[in-house]
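Below are structures written as structure tokens.
What follows is chain A paired twice: with chain B in the first complex and chain C in the second.
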Partner chain A sequence: MIEVHIMAEQVFYGLAILTIGSAIFALESRELIYGAIGLALSMLGIAGFFILLDAPFVAMFQIAVYVGAVAVLVIFTVMLVRTNELFTKREDKNRRIAGIVFAFIFMIVIGLILLGSELSKASIGELKIDNITQKIGGEMLTYYSPAFILLALVLAGSIIGALTLARREDVDNSYERVN
Partner chain B sequence: MNELIDYLVVSIVMISVGIYGIIVKRNAIRMIFSIEIIANAVNLTLIAFSRYLSDVQGQVFTLFAIAIAAAEIAVGLGIIIIAYRLYREIDVAEYRSLKG
Partner chain C sequence: MVTVPKKFGFGSFVSSILWLVFWIVVIVTLVGLPLIFIILFYVPLPYIGDEVLTPYLFFSMMVDPTRTIPIIKFLIHTDIFRVMVFPGFGYAAIIAAVTIFVERKFLAKMQLRVGPYYVGRWEGILQLMADGLKLISKEIIVPSGADKLLFWLAPVLFVATAAAVTALIPVAPGGWVVADIDVGLIAVFAILGFFPLIALLFSWASNSKYPFIGGLRALHQMVAFEIPFILSALSVVLVAGTLNLTEIVESQYLYWFIIIAPISAFVFYISSLAELERIPFDLPEAESEIVAGWITETSGMLYGLIQLGTYLKLYALAALFVILFLGGWTGPQIFPEEIIPGYTGEKIYNHIVINGIFWFTLKTFGMIILFLLPRGISPRIRIDILLHTGWYKLIVLCFINIFAVLTLIYGGIIPTGGILQ
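And now, the complex of A and B:
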């Protein structure tokens, strides 16, 4: 049992480095397409955290949606708008310093608040529920069923909206075959 | 075993990285990356608390949040493509007609 715990500890640190490192790489890489791949790796690290936290169903959902759909969507967009401007532009140096300072202040303040609170001593303990996936399905289809239906409508609306945005009015569509 | 605070610290660091990206970057696609990083950090917090409370509701909320984020990124990228078509530029400083 002790060996398992040591393993979990090392996996945690590895995942933390992978997630945060590739998040920084996604923002700082010279080419945008490498940044998109870095973002996908970061999302994969988050899915690993979900598995460590005994949420395998959500982890699979995360991989399917983020690493599968969103990453591919982002890569296609990057390729569609590929120009020389996509290389990182001259950035305002003052703005950069201000951003780093602000991010550090935020991190330190919120971190100190959390570390000083009772949550820092909270122990996760043993998992007290079983059949997690079954329970998620039950919750979704009973108590949260209105939210579930609304979510389906939101997804349909966003797909229709994205298609409408991408449609071009100025292109002559008489070439399109009508069956 | 890793405790709750470890996951919260990772989440805070990721939120800080996302805030840094939103402040500094002027590339529209990179700003979308920052938004996604922040959304994922929030999901991590939800799952960590769900595990801490041994309650499944946090996971249900996370599933909803992931779906909403996917819808948001689809519309956001569509807007970026159409703005690129109009301005030939994805630097948000050039999108002047959206200013009031």
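And now, the complex of A and C:
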């Protein structure tokens, strides 16, 4: 059992290096396409964390949504944009250093808050739940059903809004035979 | 320069063989045996049954063929065999190779042609080997201005992703699957989501206009058909009550799910055709419009890799159709319990597993033929009709079947929470 534990720790560090490294690569890369690929890799690393946390359902949806849809959308948009017109000036050095410093301060504050809270004392122990996805689904449809319906309404509203925005009035395609 | 062969003499023939034997003996004693003993010192020896597999036992097993059965059994049940050979890559690659040949012959017969004929003695049976040798020996040309890293990486990623899909397919009862995970169906769809990304990146990396048009078409097509593809599997999940592919097959022991979800099966078939970029949905590779679509700039083995990946994907989707709708490996037991009557030694074959493999392969191959069929009879459709079909019609058809299944469940005809419970 102890070997499994060590294994999980190594996998955790590997995933952390992959996720953070590719995120930094995504930020620093001059080529926008490579930046988008770095973003997709970072998302894959997060999916790996979910697998490590015994949540394969969330992990698979992380891959399907973020790598399969969001990364494709980003790359598609990047390809349509002339990249050399975007980067006319180089970034200021001081701003980068300030950003890194602020990120560190933010992380330290968040870490202190988390360490001081009850979360650090919570232990999972021998808790073992089978069919956790099924239980979450059941809760979503019974106790939390108002929230669920609200989310569904928000999603439907955003889809209708997107359709309205994308609709073009000036193109008349009524004469085109669709099938 | 002409080289004249030496005159043949029996003495020189024998002496050359003796020299070969001499050098083999010298090399084995000086290099081979020390190497074997060094490896034996560090590698823990596997257990065969209840005795350790020492070299002496190994050689005595090699002498007596009936004693090698435990070694073969041990090898078959290792993980590496599963990944490399049977339910994993080897099996899928053999089916893919057979599919390439069968497709050419089958379409030729449909169109009253002959097809591959000359290579090999009978009906051009060795055509595939000749094609493979040709692809391996050809030069790989990287277009000028191409993104070198992505251009080399994308075909390899394509094959790797296709092989990852085949690793999730359960082939026979008793755990004959590489990765048996609880969310297998979602994992299949998540991995299939990589393909538009790879096609798009490769088309961009080629730095050429036809691949880029093809890549954009591939993206549009795959994104449009992803949604009906996932929704069509949803009615099966509602009936089976599980996402595990093995359990989905096991819950079809009474009847196949195509009886409950015929419309979903139809939608799944159509969207698989679109996902595989096969005629009538082969717009990303439309050879009469954009040369060869997003694979225009590939040459040599890069093309071979993409071809292999495409046919692995074809096998994976046909197998997925069989698992979801045609009952997987279930079928009448046609293999006898003992293959040699009166044989009392070590058990050499499991009649249930063999039966499962037989029925699974038969059904999968039938589905592959059904996927190949439209190529012989159907023209290519226009892109707006394709998008209209994907977004308007197939999604609505999926919902009709989902509501039908929900009616059956709420009517109490199908038990809630899965058939297996």
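Everything that follows uses one rule, which is that the second predicted complex is superposed on the first by the 136 of 179 C-alpha atoms of A that agree within 3 Å, B and C clash if a C-alpha of one lies under 4 Å from a C-alpha of the other, contacts with A are read in each partner's own complex, and residues count from 1 in each chain.
Basically, a contact is a pair of C-beta atoms (placed from the backbone, for glycine too) under 8 Å apart; a residue touches a chain by one contact, two chains touch by 3 or more.
What you see is a predicted model; the values in this text were computed from it and never measured.
When chain B and chain C are set side by side, the one touching more residues of chain A is B. After overlaying the two complexes on the shared chain, residue contacts for A:160 are found with neither chain B nor chain C. Look at A:61: by the touch rule set out above, it reaches both chain B and chain C.
By the touch criterion defined above, A:7 reaches neither chain B nor chain C. In the superposition on chain A, A:17 makes contact with neither chain B nor chain C.
After overlaying the two complexes on the shared chain, residue contacts for A:33 are found with chain C alone; chain B is out of touch. Of the two partner chains placed by the overlay, only chain C lies in contact with A:75; chain B stays clear of it.
In the superposed pair of complexes, A:141 makes contact with neither chain B nor chain C. With the contact threshold set out at the top, residues 57, 61, 69 of chain A are in contact with chain B in one structure and with chain C in the other. Interface residues of chain B, counted against chain A in their complex, comprise 1-10, 12-21, 23-27, 29-30, 32-34, 36-37, 40, 43-44, 47-48, 50-52, 54-57, 59-60, 62-64, 66-75, 77-82, 84-85, 88-91. Chain A makes touch with chain B in their complex at residues 5, 8-9, 12, 16, 19-20, 23-24, 26-27, 32, 35-36, 39, 42-43, 46, 49-50, 52-55, 57-58, 61-62, 65-66, 69-70, 73-74, 77-78, 80-81, 83, 85-86, 88-89, 91, 95-96, 98-100, 102-104, 106-107, 110-111, 114-115, 119-120, 122-125, 127-129, 132, 135-136, 139-140, 144, 147, 151, 154-155, 157-159, 161-162, 165-166, 168. Contact residues on chain C toward chain A in their complex (touch as defined above): 147, 150, 181-183, 186-187, 189-194, 196-197, 200-201, 204, 216, 219, 223, 226, 243, 384-385, 388-389.
Of all residues in chain A, only 33, 37, 40, 56-57, 60-61, 63-64, 67-69, 71-72, 75-76, 79, 133, 176, 178-179 touch chain C in the complex they form.
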